[in-house]
Amino acid sequence: MLGTIIQQTVNALTIGSIYALIALGYTMVYGVLRMINFAHGEMFMLGAYAAFLALTLVVGDIGAVGAIGLTLVFFGAIVAVGFVGVGIERLAYKPLRNSTRLAPMLSSLGVSLSLVTGVQILAGPQPVGFPSFFPTTRFDVFGGTVTLVQIGILIAAFILMFGLYMLVNRSRMGIIVRAVSESRPTAQLLGINVNMAISMVFFSGPLLGAAGGILYASYYGIMSPTMGAVIGLKAFTAAILGGIGSIPGAMLGAYILAFVEVGGTALLPVVSGGVLGTEYRDVLSFAILILVLLMRPAGILGEPVSEESMVYKREF
Amino acid sequence: MSAADTPAAAAPRTRRIIPFLVFALAIALLVATPFLPNYHIRVINGLLIYILLGIGLNIVIGYAGLLDLGFVAFYAVGAYTYALLASPQFDLHLPFLLILLIAAFLGMLTGILLGIPVLKLRGDYLAIVTLGFGEIIRIMMNNVDWLTGGPQGIARLDKASVFGIEFARPVEIYFLLLVIVFTVAVLVWRMEQSILGKAWAAIREDQDAARGIGINTTNAKLAAFATSASIGSIAGVIFAASQRFVSPESFTLQESVLIVLMIVIGGIGNILGIVAGAAILILLPEVLREFAEWRILFLGLLMIVLIIIRPAGIVPRSFGPDKLIRGLFGK
Amino acid sequence: MTLIFQNIRKQYGSNVAIDDVSTEFVPGLIHGIIGPNGAGKSTLINMTAGSYTVSSGAIVLDGRQMQSLKKYEIANSGIARTYQNIRLFDQMTALENLEVCYYPTEVGATWREVLWPPFSRSQRERRREACMEILRFFNLQGYATAEAGSLPYGRQRMLEIARALVMNPRVLLLDEPAAGLNHHETAELTAKLAELRSPARIMIIVEHDMDLVMTLCDRIVVMHHGKLLFQGTPAEVQANPDVQLAYLGTANDIDEIRAAAQDRRAKLGIRARQRS
Amino acid sequence: MKFAASLCLGVSLLATQALADEVTIGLAGPLSGPQAYFGTTWHNGFKLYVDQLNAAGGVNGTTIAIDQQDDKADPREGTLVAQKYCDNDDVVLGLVNFNSGVAQSTLPIYEDCSLPTMTFGSNPALTQQGYKFMVRPVANDLAGALLPAEYALGELGAKKAIVVNDKQVFGQGISEIFAKNFTSGGGELLDTLAIAPTDVDFTAVLAQIKSKNPDVIYVGAVMPQLSLFAKQMHEQGVTATLLVPDGGYTPDFISQAGEANVQGTIVAIQVPPMNASPDIAAFGKLYKEKYGEEAGPYSIYGYVQAQILEEVLKTTKGFSREEMNDALHAVKVKTAVGELEFDEVGELKVAPSYLYKVEGKDFMMIGSK
């Protein structure tokens, strides 16, 4: 029993870390542009493909690469995807910055569709095996099994999220980004380079997403052109749950969602006396999301809408 | 010398020619469709169903300004209503028109039930919650096997028949759809023009100010949700009757997103825009069928380009059916 | 028929925005509410119209408690308002901005309007004529079919007042109606508002433009730090030393009050131009 | 009118004039979207053999044209494709629909226009609806889940099983049949767990399974979920024997899951191993030469269907749809997977079924029926 609990907890933390890395991208873009970036899941997918490309083309054989090589590949790939993110923003979203709120969102759907199909055409539609970045060692902890990959993912995710936290809260760039999130017009009046801030967000969001993609692919040993869609939706749900626009919220939401999923799988059949099977797991996640939003309409850590700021000017 | 020859009249004349051409083309297509091969008729039927769905969803998104990403739930409600009441599943075989009414009512009911808790939420939160409801409904349909047949779906649905006339072949479905789409379009358009429609617009523009002039926004939004849901449900009935098979696969999130895209690309808040949007997103992939996955890539890129050059859609909101009619008949 | 504030308070956490204000507004008169920035003037308007909740106390119109009603119910009991930042329905035409106000009385007939063309025609005709009349009163008839958001700033202000008048409200709340208007427009506004004075209507204006307030208002309430500092006729207000102190700290010249108001107006003017 | 219509829709019905010495075959499956891989590789297997036939001058001088269409695994698209084939008089036979769900909506259309089809959907219900113009050249799920249940009870001596399915037409159907066979053979079904078809993480499900300690686990799902499940099962320290349906019969299963993680896994499929017969080995080699990648899990089916087609063309009285249908139902042919013929409802009379065990990098045959 203890073993199961430990194991499920580690499982949930691993999944939650990957969700969190992606959810951060959604929430940062939303914070700055008030836009849901539907193409963000594709950054996650591109991360895995970029790393795979780097491994096979540049390095050649995975077995010959040491830890340093793998780290280089990892950072090379995520930085590359970061630049892709900036480029996409310039091409597909920037022209729509003063348009309706719906326009950039739908443009991002177009981007998403194009990227998935593009990768399908270039790399083939089938899932491809992905080499593990970590040795496949297992540990037994009180009857539960924990793999080195899981630990690696936890550590990598924590380092990346801590890095982001420092960047946002301690660096000059972070102050600029936060100022722009607070109020774009005011930031503009203060002479802040808003474009710079937006590019920064569209660099770091996809970068983290790509990192999530590589960790994911190496954890599950597989990548496919459509892998971004499902996980993207989940991470987006997590971001909303935590309060979209809030960086700690995205992380919290991601871990909550992961624990709900794992807990739902483990407990739904037991609690409901066998009436509801594990197939209702996603129903449970959405139901919890809806309940949370009904109680806290801006998510768990989202800023509640105060009376003064209650401006209901057209939203779409 | 007639007035039309003066230079001053020339400008309206050229302005009139575009709606006229579009209109003539549309009429020609409508008249020609029954004589085309069945495949083409089926494509047009699919187009009409999407137009119907678009008209329904547009009430919520275009008129009332609420982003609903779970519209497919109502579509599914209609389709499954038909499947359960006109198939061997429970050996029920109710008449088509009766089912249409039941489905419209059930759709409305679902719309209201889903609407009551969620309509307090704003913009993006509303979007994700409706998305969640859509997914919940799809998962339920996939899992409540004794009722819906689960992933196997429900097969061998009855052929639709109205007053003894059977509607099963593509061309017959086409006429059925034509009548329903036209009726719904006219009703919805009149609704937009009515005081309720104006209230929806006011809510879309500024919800708080709308309350300030005495609009019970909750009720007005519920009305929008309910109307839209019942149209979605009607579309579902026709879809089920023409496909004669339903399964949860047809009611994925992607369908909801496709309908939203259709509305936005075509021209949000405008019935004519929906037709344009549906033509692009439904017909174009059919036309480019030979190009396999390249057509999807093309469609994705086209979407980006269209939204960037015309963020408000191909047909502007101001160019509604009234303008078209005026343009045609020179009133 | 009176509108009474009974000991109303507004609190945000421990921050008191309106502290125990009691006063009374009577029909046939134009009431002004003035006070320095942050005095709580707009909060009063917002609470009366139901945009903000009332923390404690009561707002009573004709013996009916208003503070617990929903915003639309307050509007339907005859309280209409304009906003400090113009809030028109931008993508609707000027005429539609007015017509939509018929919603509370006519929504019940929606099905007849949709299904029965002759009915909807007569209904629409009637509605349109009544609204055009109001537009004409504000010299806006030329803009009837233009989108409200595309109107010049001054016309938008007028249109917002016109919209508030459609339902012939018993209480008309105007939140800085002259903000961002030039001299000429302010004069026009002053004249129109004077015409709106009616024995059946309570008018309350929150305004920084002292010229307008002093010419137009019959009674003035002066707010300071959320408290009611003074109320009386314009002459009494101008003569009151407390008021002068509240406005300028040490000054004793009403001209400086005006200067402060002008300064404020200029600022709003800048914002207005950016908007349009 | 027809011209105008084509113009309107911009669709040019490819100019396949009805030549007496050419027949057109409709080939529909998912070519885009998540299932594109299965559709494409299945179709490629078919095309491979057809190209050989055409290169050799056709079957008795009749060459084969292919009208390949994408049904996106979507019933709505499927019906459009079906109608397209029906409308095109040149199409005399269809190899259609990878998914049972799509087949459910297209079969009535094919039936209405008398177009004979070889369907790929393996759901048993398809042949029970009285369609006269369809055959199913693969074993249905009833056959697919019998052998593994017998093997688990007999050879493995298993007493307790857990069934996992993906709540899809195929996965749910086949795992229910497995469960039925397993319990009627005296085994105990501990639990049935469902996963979502888009899931990649099964750790939570596996932790549940681990606590129940079954002897065998049957997973009714498709790739890549099968390999993900196998890998995570091993990583989570679940030691039960894993049984999977035909989707696992691909080198990808072993490579994606990791060789060490799938040792001893039992795979049931309707085809002999790629190295079982020279025919199949040759096919695998040819496929790789032509398409530059390993044959997909279903490529061999496409190849076999082309062999059936060859026999149909040899035996048919004429090239009308009805005549083709008669020949199709009467066909008796030796293919890469053995001799095939159909019963009156279009089901294979003897549906070959095989059982493999993963050993090293290979699938070792351990049983057949």
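General observations
Each chain carries a letter (A, B, C and D) given by its place in the written order, and its residues are counted from 1.
The rule is short, and it goes like this: a residue touches a chain if its C-beta (ideal position, glycine included) is under 8 Å from a C-beta of that chain, and two chains touch if they have at least 3 such contacts.
The structure presented is a predicted model; accordingly, all values stated were derived computationally and were not measured.
Inter-chain contacts peak for the pair A-B, counting C-beta pairs in contact. Here the chain at the heart of the shown protein, by mean C-alpha position, is B.
Put simply, the C-alpha centre of subunit B and that of subunit D have 36 angstrom between them. Annotation: 33 Å between the Cα-based centres of subunit A and subunit B. Between the Cα centres of subunit A and subunit C there is a gap of 47 Å. Spacing of subunit B relative to subunit C, judged by their CA centroids, is 41 angstrom.
Of all residues in subunit D, those that touch two or more other chains are 32, 36, 167, 194. Listed for subunit C are residues 51, 87, 90-91, each touching two or more other chains. Residues of subunit A in contact with at least two other chains: 117, 120, 125, 277, 279, 282, 310, 313-314. Contact residues of subunit B toward subunit C in the complex are 187, 190-191, 193-196, 198-199, 201-202, 204-206, 208-217, 220, 317.
Residues 1, 4, 7-8, 11-12, 14-15, 117, 120, 124-127, 129, 132, 136, 138, 140, 144-145, 147, 149, 216, 220-222, 224, 226-227, 229-231, 261-262, 265-266, 269, 277-279, 281-282 of subunit A are the ones that touch subunit D when the two sit in their complex.
Residue ranges on subunit B touching subunit A, taken from their complex, read 61, 65-67, 117-118, 120-125, 127-129, 132-133, 135-136, 139-140, 142-143, 204-209, 253, 257, 260-261, 264-265, 268, 293-294, 296-297, 299-304, 307-308, 311-312. Interface of subunit D with subunit A (complex): residues 32-34, 36-37, 40-41, 167, 191-196, 198-201, 203-205, 207-208, 210-211, 223-224, 227-228, 231-232, 235-237, 252, 255-258, 260, 293, 296. Subunit D makes touch with subunit B in their complex at residues 1-2, 4-5, 8-11, 14, 31-32, 36, 69-70, 73-76, 79-80, 83-84, 86-88, 100-101, 104-105, 108, 123, 125, 129, 167-169, 172-173, 194.
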